[in-house]
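In this document, chain identifiers A, B, C, D, E and F correspond to the written order of the chains, with residue numbering beginning at 1 in each.
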Amino acid sequence: MDTAWRQKIEETIDRALAEDCAWGDVTTQALIPPNALGKATAVAKSPGVLAGLEVARTVFERVDHSLTFRALLADGDRVQAGARMAVVEGRVASILRAERVALNFLQRLSGIASETSRYVEAVRGTGVRIVDTRKTTPGLRFLEKYAIRAGGGHNHRVHLGDGILVKDNHLAALRARGIGLKEAVALARKNAPHTLKVEVEVTSVEEAAEAAEAGADIVMLDNMTVDDMRRAVGRVRGRVLLEASGGITLGNIRAVAETGVDLISVGALTHSVKALDISLELEF
Amino acid sequence: MDTAWRQKIEETIDRALAEDCAWGDVTTQALIPPNALGKATAVAKSPGVLAGLEVARTVFERVDHSLTFRALLADGDRVQAGARMAVVEGRVASILRAERVALNFLQRLSGIASETSRYVEAVRGTGVRIVDTRKTTPGLRFLEKYAIRAGGGHNHRVHLGDGILVKDNHLAALRARGIGLKEAVALARKNAPHTLKVEVEVTSVEEAAEAAEAGADIVMLDNMTVDDMRRAVGRVRGRVLLEASGGITLGNIRAVAETGVDLISVGALTHSVKALDISLELEF
Amino acid sequence: MDTAWRQKIEETIDRALAEDCAWGDVTTQALIPPNALGKATAVAKSPGVLAGLEVARTVFERVDHSLTFRALLADGDRVQAGARMAVVEGRVASILRAERVALNFLQRLSGIASETSRYVEAVRGTGVRIVDTRKTTPGLRFLEKYAIRAGGGHNHRVHLGDGILVKDNHLAALRARGIGLKEAVALARKNAPHTLKVEVEVTSVEEAAEAAEAGADIVMLDNMTVDDMRRAVGRVRGRVLLEASGGITLGNIRAVAETGVDLISVGALTHSVKALDISLELEF
Amino acid sequence: MDTAWRQKIEETIDRALAEDCAWGDVTTQALIPPNALGKATAVAKSPGVLAGLEVARTVFERVDHSLTFRALLADGDRVQAGARMAVVEGRVASILRAERVALNFLQRLSGIASETSRYVEAVRGTGVRIVDTRKTTPGLRFLEKYAIRAGGGHNHRVHLGDGILVKDNHLAALRARGIGLKEAVALARKNAPHTLKVEVEVTSVEEAAEAAEAGADIVMLDNMTVDDMRRAVGRVRGRVLLEASGGITLGNIRAVAETGVDLISVGALTHSVKALDISLELEF
Amino acid sequence: MDTAWRQKIEETIDRALAEDCAWGDVTTQALIPPNALGKATAVAKSPGVLAGLEVARTVFERVDHSLTFRALLADGDRVQAGARMAVVEGRVASILRAERVALNFLQRLSGIASETSRYVEAVRGTGVRIVDTRKTTPGLRFLEKYAIRAGGGHNHRVHLGDGILVKDNHLAALRARGIGLKEAVALARKNAPHTLKVEVEVTSVEEAAEAAEAGADIVMLDNMTVDDMRRAVGRVRGRVLLEASGGITLGNIRAVAETGVDLISVGALTHSVKALDISLELEF
Amino acid sequence: MDTAWRQKIEETIDRALAEDCAWGDVTTQALIPPNALGKATAVAKSPGVLAGLEVARTVFERVDHSLTFRALLADGDRVQAGARMAVVEGRVASILRAERVALNFLQRLSGIASETSRYVEAVRGTGVRIVDTRKTTPGLRFLEKYAIRAGGGHNHRVHLGDGILVKDNHLAALRARGIGLKEAVALARKNAPHTLKVEVEVTSVEEAAEAAEAGADIVMLDNMTVDDMRRAVGRVRGRVLLEASGGITLGNIRAVAETGVDLISVGALTHSVKALDISLELEF
């Protein structure tokens, strides 16, 4: 993990340690001699894909720089239940103080990577990219976007400033002023920074075609049927990138991918995460 | 929402807005005149229990103090799909900039409240309290603990400093030094602040009895069978509070509650959240 | 100024006030009664284009919320020497404490806007956009990019994350690994977010053509002669946007613009700023 | 660079890196393997005096602690075009991410030192000190005051708390209350901390004499002619320090210095900086 | 000192250094060559108990990481006047910059530990615990609570969240709503987290008995006479912990302790601290 | 209280509220309905001089902006036991949450003002100024320096940057390099900013005379006998300001003042504060 990124992550970790009062662990202070040494292993309790090992390492280091953390696996690795993923050694009191926060990061990020990898598997061979959305947990966007990549996915916009995405509510606001989709695309071209592509959200084959003609770089097919998506692909492919969005599940994603779209975005990858079950086991 | 709490929440919101670059929404800047006015309604897309309306209000206000946010419902209210929960009015550009972050908070917190309420319903009449754990999202502990209460649950420790909880890893570390459960409780009593109760995690009926005799105030029955829990209740009830923990689901919680325990803690309430589906709809 | 942006600016202002110890103005405390009232006018001492009036207003308000600041002109307005641009009224002691910091912002930002407007004037009628660079003053990027727009310019990348710009040093690093310009563009396409355009810096007509063929969206002609730029335009125009860069002055910019490039970037707009002369005059 | 100062500078650097999103350099991430190593040299493109090499070093270290930065020259050194001033080695990706921010600091600070040294040269032999003002770039005061010293100048007040300077606006405010220059000096003496000298700004020979008689420690001759300055020196020298201020240029500073004043303050040293041209060249 | 605690302390130290402008020590800069080396010893000038040696070490390290600080004694040690407690070696300029802030911490914390130890001595043999209050210096609570422990005392609540303490003003507010002490205890039991004990402040023997019957875990006897305290002990001992509070001095504490109470809280330990006299002596 | 100062104070207050977890007052949350209203009065329990009423107001406002705080007296006012100094009205829960932190500030600052006024009284008529030192509580320097002024005292240096004070340790370090007091003063004159006076600490009449001859502006007579101080006054008065320092008590200060020194500095005013006894009484 390079230094600039590390600083970013340390702030997030420090906040998590602060809200857990990791410096005020009255139980451990009452029971464990400050210099007692020990060793603990992080073990997967269910299968999945890892993400966040370096974050967990940093949690332990922020609590006590004298702890040594040895990763046995790497982010992106696929694990089975029982897999040992990392070993931390040093002051037991420090390990216990850091445990919960380290696991809270590791379980959530691995949960995201695991689910992402299921979607990526489901479209294998189609050439389609699984991308995330801005529906991330407040405060954790960079880490969650990282977990998406660890699971084999790609990132959509990191924030409102690194892409132009004309959404339904933008179009509604413009329509109320008598401005249609075509003029919206022209406005975006004219006013937005020249380094960003213009993406437009549409809900029908006609709109998709209209957006492509208006000069959009990317067209998002929102909540359209598989049939309509296929038709849209037929109409505009080659001229724009096509992104399928809305209501995507592991059950229907293969069919969506086979329509020929280029990208499929899945909000649930980050807005509805199931933590990967991981525990930390002290050994003596 | 009182002022001290508001300050705490504003910091969390400001970080979320910063990571979304809400001040740099190039799409909206390119398309929407700064002074265009509009109105948007937050609408539930699936049934659940609300939490976070005041947080959402604060997101809109942080982005633009001139926006007015009117809550139509309150945190803790049960909604059906289609329910209108709040209306925000003012500059359209500001509404669009705040939209995603406001929804990210509202959907997650309402997801927690909704799931909590399902567990609370499942034990209705037994007198058992559903409590949360420290398995919360890093950075969002206070908000998630609030959502638990909005869903009818109660909070366990907020952090490592407001309760003594002697866990498996503490006991393992002590055992390695020749110190048993009984002495552990005595140590905790002697060294810890006198204002805090002592809770001990046990895995068998015998240990539960031993902890109670040693003077623990609360005994956590970890991953025990319903039968064993019932036996533990028989042995120690009245002398200590009993908390069931580990592997609790909506499928088995009623049986656990009927063993006579006082509290049931459920980590999944916060570590594996399914966002409540909520959208913001601009109207003209 | 909307609220989210205001927060961003307030942090910058608060740092400036802190380094000037605006709360510890021993001279004013020794001389001026805290409740003495007065009025001061900001006056241009040389001609230029204004930028930063709202920043100046915020400086006065941060020092003392009871001050009233009335802008007589607006950012982007052209002024002559002697023009009165704003009036601030209220406690004299507060006005004196805020004076220097307010002027430091206003003079610098107006200096940038003024110089930008000279470049914009110089290319009037050619359709060319004057754009800035990342050669900004550390800590003031957003304000300086704002001043560029106030002067009639456009912004290039705000930061390293909102555009792909393959520069000479990237190409050198790739060449050392046996990777040429063509493959560099392909790599960028494959690995970078799909929402961003790919810009490539080149130093010859041949490279410009190669970049366009490789699929770059934008080609930066770096330090090329006017003749070569004209040739490059002839080779690739229509397929890519062309940006002229390097060694641009008021003396040669018209000739550069007339080669047919789309954009001209000028680092000196922000790296070598001449403050606009503005003074604050107390009246009684 | 000692540790306390380093901490102060690191905050300034971290803000600069944050606004440049140095952790989110999509171009470098797309093109450069994280572990590719390289070497880059900072080279002067025009003659001047260096300042900020340690700041540049810190930028590289903040981005990646594994980079090694070797200064070939030191702050205060005079360079010719082509001079190699520092070499940085390590991960190419890190060098590229840090490059712009490091140069932004180094070019600006060296620009200030270079211009200061020109003024210092111009008064060589007269015993006059060139001093700066509070007309510095918001957020960079300490670094810019440092650059002044690197160029051979001296610092005037760092902020409003480390000297008493009764300026025109203070005197105007006092006059409006019937308080003259003499009483102003007495008030300052009486109310201000006893550890600070009292300086008064005057605009005529008479006022200079009046200030000296009133007990001022330093008299600032503001925008006076060379002849008047010479007369003022004749009247008060020996009793007070005399500072010339206002409208000083390289063209007239020698004449001003020869009037016998002790100090000459030059606002343009920091309010209108021309960056020294420096580039970073990757080698393989 | 472990890492998490160190971070907490470093923030406090950095603020203290900042308000002392330790980076801007004009005297030392004017007089002491930056690389002159030296050695200084911290010496007690009056007898007491030490606390804060690790804090002092950290102050020196924050100012200059190259300083070496060697503790000759440890926190909790009793010293006589003349005792040498620590030696710091390295750059003289750094030692001088850090001196005052290091001593300000060390003298205050040792003052607290010294006074605490006098109270602890006074009750030796009675089994009573001396505890502190929340009447601490704003910003220094954690350090002051630490100093209490160094002096042999114990901590009461660290903050409003780690214990339930129903005080006179709570009871007054409840009485105004027709709610008596008994119901107050019941309310606290019902609504407060189950991990915290319930303490009630009372002013008479009757109220003490009522609180015990109502189920309080701890009863605070506030400003009661020694006789009444003895009677209260007679009535409720064994059922609750008893804490004496209010008007405790070294003159009366032995008598209070002998009533049989379990805890005695003394606000003056932190609200009225007499610094231990310690000086730092440079040697050559 | 003006705005810039208010911001400075709010940061200090917010830290104090944070360490007291004012947002997490479990007792009040369990017992007091959020909307119950009430009124509380701050009452002096012993005589003294007030300081910090505006700080206390700000504490209440930071906790809950809807509280109204009415000062009945002002900072600097002398009070007797029983005096009502301020009334706060609004939500009882908010008053209770803010109570302790507000009193912690008010009692400490009033304790400083009260003690300062005793020293000021003791020298009344002599023309001597009582000044403070840098021996303040870490984190509270500005507030404590304010309380000194509220008690009728004056401030010495606020920090290391607003005065040159050559102390014993500086002189020792210089002596080790063969540099005497005279050259030390000359060095300070030459190298330090021209806006600051030069003060030198001496321990004998001879040194005092030497310092005055060397051109010091202020001479600090450290730990000298009253007789020696009188002699020093005889030798140097009129040429320098004289400051008595070290071992000053209420018992000896009058004699010291009558030696003819100009200033007497008293470290105990801030390093050994006795809080003024103040309580907050809820009324219904």
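Operating definition for what follows: a contact is a pair of C-beta atoms (placed from the backbone, for glycine too) under 8 Å apart; a residue touches a chain by one contact, two chains touch by 3 or more.
Everything quoted here is computed from the prediction, not taken from an experiment.
Novice: Using the touch definition from the top, how many steps at minimum link chain B to chain D?
Specialist: Tracing touching chains, the least step count from chain B to chain D comes to 2.
Novice: Starting at chain D, find the fewest moves between touching chains needed to arrive at chain F.
Specialist: Shortest path length, in steps: 1.
Novice: Please give the intersection of the contact partners of chain B with those of chain E.
Specialist: Correct list: A, F.
Novice: Going by average Cα coordinates, which chain is farthest removed from chain F?
Specialist: Taking each chain's C-alpha mean as its centre, the farthest from chain F is A.
Novice: Taking mean CA positions as centres, which chain lies farthest from chain E?
Specialist: It is C whose centre lies farthest from that of chain E.
Novice: Where chain A and chain C touch, do the two copies share over half of their residue numbers, giving same, or under half, giving different?
Specialist: Same-residue interface.
Novice: So what's the Cα centroid distance for chain B and chain F, whole Å?
Specialist: 45
Novice: If you average the Cα atoms of chain A and of chain B to get two centres, how far apart are those centres in Å?
Specialist: 22
Novice: Using the touch rule from the top of the page, what residues of chain B touch 2 or more other chains?
Specialist: 22, 24, 26, 97, 142, 158, 161-165, 193, 196
Novice: Chain touch graph shape: choose line, ring, star, complete or other and state it.
Specialist: Basically it's none of the tidy shapes, so other.
Novice: Please list, in label order, each pair of chains that touches.
Specialist: So the chains that touch one another pair up as A-B, A-C, A-D, A-E, B-C, B-E, B-F, C-D, C-F, D-E, D-F, E-F.
Novice: Which part of chain C faces chain B closely enough to touch in the complex?
Specialist: It comes out as residues 2-5, 7-8, 142, 158, 162.
Novice: Within the complex, which stretch of chain C touches chain F?
Specialist: For chain C paired with chain F, touching residues are 14, 17, 22-24, 26, 34, 61-66, 91, 93-94, 97.
Novice: Could you please specify the touching residues of chain C with respect to chain D in the complex?
Specialist: 12-13, 15-16, 19-22, 24-33, 36, 38, 40, 92, 96-97, 99-101, 103-105, 107-108, 111, 134-142, 159-167, 169-170, 172-177, 184, 187-188, 190-193, 196, 268, 271-275, 280-282, 284
Novice: In their shared complex, at which residues does chain E touch chain B?
Specialist: The contact residues of chain E facing chain B are 129, 131, 154-158, 161-165, 193-197, 199, 218, 241, 262-263.
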